[in-house]
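One chain, chain A, appears in both complexes that follow, with chain B as partner in the first and chain C in the second.
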Partner chain A sequence: MASQADAHAATFSAAELEFLAEDELIEIVPNMRMDPLNLICGDFGPFRPQIATQVPVWLAVALKRRGKCTIRPPDWMSVEKLTQVLEAERDAEKFQPLPFHYVEISRLLFDHARDDIPDIYMVRSLIEDIKDVRFHKIGTGLEIISRERTYALRLKNLSAMEANIVRPFVTRALQTFYKLSSPDMIQDSDSVSNRQPQTANRGPRRQLKDR
Partner chain B sequence: MKIRTIKLREAHKNGENGGNSFCSILWDQQGDRIVTASSSDPSIWVHDAQFPSVNPKSIKHHRDGVTALALSPNFTCLASGSIDHSVKLYKFPGGEFETNITRFTLPIRALAFNKSGTMLAAAGDDEGIKLINTIDGSIARVLKGHKGSITGLAFDPKSEYFASVDSTGTVIHWELQPGTILNTLKGIAPATFSDQSAMNMLSWSPDGDLLAVPGLKNDVVMYDRDTAEKLFSLRGDHVQPICFLSWSPNGRYMATSGSDRQIIIWDVDKKQDIDRQKFSDRISCMAWKPHGNALAVIDSKGKYGVWESPVPSSMKSPTEDIPNVRSNGLLLFDEEEEEEASASGSLSDLGDDSLGESELSSRKRLRKNSTLDNSWGEDINDELDLHPNVESHKKASKSKKDSIDHEKHEIKNRMTYSAPKMQESFQPGATPVQPGKRRFLCYNMLGSVTSMDHDGYSHIEIDFHDTSSGPRVPAMTDYFGFTMASLNENGSVFANPCKGEKNMSTLMYRPFSSWASNSEWSMRLEEEEVRAVALGTTWVAAATSLNFLRIFSDSGLQRYILSLDGPVVTLVGLKDELAVVTHSSPALPSDGQMLEFRVLNVRSATESLRGRLPLTPGSYLRWFGFSEEGQLGSFDSKGVLRVYTNQYGGSWFPVFSSSKLKKPDENYWVVGLNATKLFCVVCKSPYSFPQATPKPILTLLDLSFPLAASDLGAENLENDFILNNMHLHQIQKRIEENAAAGRDTASIDDEAFTIEAALDRCILRLIASCCNGDKLVRATELVKLLSMEKSVKGAIKLVTALKLPNLAERFSTILEERMLNEAMGSTVLHGNFKFDAPVQADDVFERPSLPESSTEKAVLPLPPQRSSTPSFPKEEKAEQPPNAGNGIVGSTRALRVEKTVEAKDVKGATNPVKKQPEEIPVSFNRPSNPFAKKSNRQEHSSLFDSIKKMKTDTTGKR
Partner chain C sequence: METGAQDGSSGYSTMDDYESLISTTDAELLKRAWQNEKAAPQILRFEAALIQRSREQIKLMEETVGEFTRNGIDPLTVSLYQMDLDRTVFLLRSYLRTRLQKIEKYVFHIQKTAELWNRLSRQEKRFAERCIEDMEKHLDQSVLSKLPSSYKSHLKQSSSSEEDDMVPEPRLDTYVICRSKRFLGAFQLDDSAEEPVNIEADDLYALPYKSIKPLVETGQIDLV
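Coming up: the complex of A and B.
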């Protein structure tokens, strides 16, 4: 992905996205007593044993590593909820609402708080499945776009990771469509975007076939 | 017709398929408990009828769904039949499993006890109906004749006949004595071959003259007792076949439920429907309350509820004129059983004609024997606030000792059933025994003690919530069977009740760290049983069945033995203080438990507090303990948390009420509290206590007084106002105590100041809402309650911004008055004491505020200047830097002030208003903190003023 990165398609790497996701709040149950932390991003705590409190994921993971807390998996990470989402995702055309950073957060929790997630194998496979279904949906959706003439695209409930993957391609493709459809635009910007339409024209098909 | 809705609670999960299942419901004798079962749930649940949120008790011995329930007429024995082909008997209300009384080759569908409880009929998909002697479990007779699976059984209340119905709709009328078929009525009831959730049933009227069977035309057909001739039918608004029917206890009314999801109440004599109720699912079972006008219903989804007063109050009660001979089908109901019922189990008794007479005599006997009995003996309709889940000590210990004679004991103890029981002793933070599961012996803010039963011995683990600071305690194996425990930083104490002759009651103390090895100790109590334990710093206390309070030192020295006033309810310890709750008298029939508490100081061997412990009527004590600040708190079964304060000569303030939260599906299991929060574990109904694994997580709930709905619409503010006032009072009390003891009160002063500031903020907001609500008198009163003068100024600014010049004027008069008072107070101090320089500085700093008020007043007629200071955000007002805007004014007018003050000096000096001389040293202490901010000092002095102010205020008002 980084190789594609240019001014138009600034994408994040997975690690960068994970870093961004670490600012999301999550509930932990500390097993130590600590005064509130006054951080730039906000005040967290006070921490009292056995009393749940909200902290950013990075803090939760840091405390968890030291064995100072247990992380409470968010509501959407339960087997029932995920099963529902997966079913709905398979049935419906639209994307189901999931947290913006669901891929990253679940990944972080799987890495650092395995013992705090009930039915971790089930949860993990469900999230993988949901991810696959959604990516597949994106792929088929894009195929439709390329068949018809589209200038704009509305993708509701797309998560960070998904948006990150489709962003460089979709924006450029749409731009190209637009340019191709308006003859004066082509003439105007001929010199500027001579190179882009070509790559974009070929690019999408190749990608879609891959999926 | 008025449409009422009955709230149904979920009792049984309805399997995975979410389909319909056949559910059963029963009342117990007093209407305290409701027993439910579902064909998709292997466990039977015993719910509390009055407190549905109280955790139901589960009886789980079946391996598959329970299809039939029956309660013996003396309400001591519960029978259940299941899809797993077995019929089991349990003790009731205890729920202890007694025996597998019989087995079939196919699922059971119906059960019925006979009138005397000596015989149980069971039938199902097998071809025969088994009549079983309940005493020895022998099969007296097998009645064969049905072709389909038998779904309904009913003994004739006069014990001559027996009726059964099968899924093809055939009713067979048997004569019990030879066990022969009298009549076979083919296809008179609707056939329900496939649908296992709707079963045919039938029921004798309580006087035994009629047999009611659902008919083919969506009606109920009544058949004659002897000839089985069709007499009449109840026909009305059911549009689908009737699937359940139940006679009211007096036989005057009948409730029927149909597949059309409605219940109709009939007046049987007039053959007319009285009332009806629609439900979202088919009601698969109903039961009339034995005493009182209520009908328990359960639908095919496993949700149950109680329909209060299904019979309109204008009509005769469903329990009036109960015929002497009683019993009806599934709803087996009886008050008095035959005297020799349990002794004679033979079939020859069944046709006893003198039954009615013997019952009458036994009723007389009952009345003579029990005095507490009167209220329901005479007026059955009068519903008592009976106490659930609480059994007398006597009965509990007896039932433990001998299980064989259990039934007899039950009969003897029946008399005591009529009045509420005295609550049994408990340990705060303990959960009840659940077979095969870990339970809490103690769960507090510090940690938990859990116990798990392995056959014969149990594993006890001690965990601290704060794993980093608490000591690590190795798990221990417990051969005593400890049921009580208490935990603090230094150690843990355990105790067990005595079990039989060999196992004596033992008290054991385990310190967590000690310099000597083997420093744990145990005491054995002979002929005495530990009821509750507590521990504090360097002491251990145990209350026993002889009403002794035994106090030991932590090394095991027996220090004191006190006699308590009554049976102990619970013990709690914190540091030096030991709180004891005892019964002060037997429970009142109207009001529930009569409890009193004492707080003892173990170190000084004194009593610091004593009084009655109030409870919500009809409730019992659930939790008792100290808050983090050392205040006493109690939580009762109706969800009201009370805190002891020394205001009003020592009273309990209700500071939390779970009914106010309006979350009926949540139960709160209290663990602790502090000044503003309640720490509890939130349990989803039907559970009222948490499981030990996974470790429950504490939830913080705000304390909130159960305030009346005020016209102000600012309940949060009013709540804060009361709460802050309460805290302020406590802190002032502490300041006084500490000052009297000559201790440094600076830190408490700070605390008091923050509370005062919060209180002022809250009052200012209240003033704002009062002004908005046009309650100007109330606003004026609130201004008088403000403790800091700058908040009064804030209030003046507020009302001028709200364009209420009238009020502003009043406020400034109030301010002026209090300035005057203060000036007098301070000059008095001036005259009596030589102040150190810094204090004097404070004093001078303070004074300029007097002219400030006059300027304010002067400015008042000029609205532009006022309105140019726009309404501040309200919080800011109290937190404005002290005298921020007053500096200039103060300095320019200082001279004049000095004069005015001096003028009063003469007057003031003669006036000895030296209220709290012990507080003066405190003010000397203050400059000793060189790091204290200057503003802080200013705050302190204003605190002083405010305390004085409060004093004068309160003395002035009361």
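Coming up: the complex of A and C.
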């Protein structure tokens, strides 16, 4: 049987994830005047000095790099909010709600709009800590699914980048369980053991793991 | 292809769906089509209408940018339009490239399966046919013609095979990470007597592609 090379390892590259994140809207304060932009991805503007407006992150970064605006960091990126999230993340087993692209967006802002982020060192360190706690949770979660048979996983509040990183392991693990629990496999094991009547021992079963 | 549908997806019946349909821009639709195609193990239906519209928009935008440059519109504006254009072109190209990769990989299987063959665009079908021709010729010249006669097929291991067992197929039981737009309630994963899974809107789930295949094809579940 021609074998299947797995081409889906990490389906989206980090660059592609960033590409997707760049379409999220963010607030900027232009320092110049510009007519509305009628782009394929939407209409933005008009741009007037000191009047805040919303644009996609890629556009905000482009304007920022040319010194045409300041970027207003999103509400969730304040020291206050992030501290709350970090504490909740440490206390609870579940994942705290965070913007889907929080990793990519914070990265983009750190790279291009450092001066627009108050307490940037604090913010950066909080986000790193949040990421670490979440990854640690992912690790323990993965251990759990390896112990019990799992058919489906609920990944509530996982962010885009975390999902992408976890994808190769999770999909292959679940697939292997699926394969191993299929009726054919159990029949095979029956025939190996001298055809003695055997109840199919499917082990502890957990239909859905909520994380 | 349904003639009535606006953008290639099957018609929705509830008002809810209609509203979400008209408020989704082509750029959004192209992005979703791209994501779904990248994550799905099998080739999905070609979004002919969407791709056609996207091509037209790109062409229009290219002309606009050309005009701007000629009329001396300020370079900042021009570069922003160009960036948006580049992004759209990237999505389109990556969508087509991903599909071509899948076609190349599973070309014999696609050819034999009418449902899959019909998901290809006209140009993709031509590509597939040329691919098949080249592969058959190559396999034959390099190996098969030198094997004993009962092993000469590129589709079967030997003439005693009952099925085309040399044809690679995509694994539909691959797990994918997905998200449903709406609450789907108790969802039966498959025919084996497992309990149904409760699917909430907007949460990520890891599920076997096989179980959600029809929902992906009607656009109710997106792959991530």
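Just so it is clear, the second predicted complex is superposed on the first by the 174 of 211 C-alpha atoms of A that agree within 3 Å, B and C clash if a C-alpha of one lies under 4 Å from a C-alpha of the other, contacts with A are read in each partner's own complex, and residues count from 1 in each chain.
Everything that follows uses one rule, which is that a contact is a pair of C-beta atoms (placed from the backbone, for glycine too) under 8 Å apart; a residue touches a chain by one contact, two chains touch by 3 or more.
Treat the numbers as computed from the prediction; the structure is a model and nothing was measured.
J.: What is the contact status of A:V79 with respect to chain B (first) and chain C (second): first, second, both, or neither?
T.: Neither partner.
J.: So in the superposed three-chain picture, is A:K68 touching just chain B, just chain C, both, or none of them (first/second/both/neither)?
T.: After superposing on A, A:K68 lies in contact with both chain B and chain C.
J.: For A:I51, using the defined touch cut-off, is the partner it touches chain B, chain C, both, or neither? Pick first, second, both or neither.
T.: first
J.: Quick one: is A:A92 in contact with chain B, with chain C, with both, or with neither? Answer first, second, both or neither.
T.: It touches nothing on chain B or chain C.
J.: In the overlaid three-chain picture, which partner chain does A:A14 touch, first (chain B) or second (chain C), both, or neither?
T.: After superposition on chain A, A:A14 lies in contact with neither partner.
J.: Which partner chains sit in contact with A:D35 here, chain B, chain C, both or neither? Use first/second/both/neither.
T.: second
J.: Compare chain B and chain C by how many residues of chain A each one touches, and report the one with more.
T.: More residues of chain A are touched by C.
J.: After superposition on the shared chain, which partner residues are touched by A:A152: those of chain B (first), chain C (second), both, or neither?
T.: A:A152: touches chain C, not chain B.
J.: Please report the chain A residues shared by its interface with chain B and its interface with chain C.
T.: Common interface on chain A, chain B vs chain C: 68.
J.: With touch defined as at the start, can you tell me which chain A residues reach chain C in the complex?
T.: 1-4, 7-8, 11-12, 19-20, 23, 34-35, 37, 39-42, 58-59, 62-63, 66, 68, 151-158, 160, 163, 167, 170-172, 174-175, 178-179, 183, 207-208
J.: Which of the residues in chain C come into contact with chain A in the complex?
T.: 25-27, 31, 35, 38-39, 41, 57-58, 61, 76-77, 79-81, 83-85, 87-88, 90, 101, 105, 165-171, 173-177, 189, 192, 194-195, 197-198, 200, 203-208, 224
J.: Report the residues of chain A in contact with chain B in the complex, numbered from low to high.
T.: Listed in rising order, the residues are 29, 31-33, 49-52, 67-68, 72.
J.: Once bound in the complex, which stretches of chain B touch chain A?
T.: Per the stated touch rule, the residues are 464-469, 679, 695-700.
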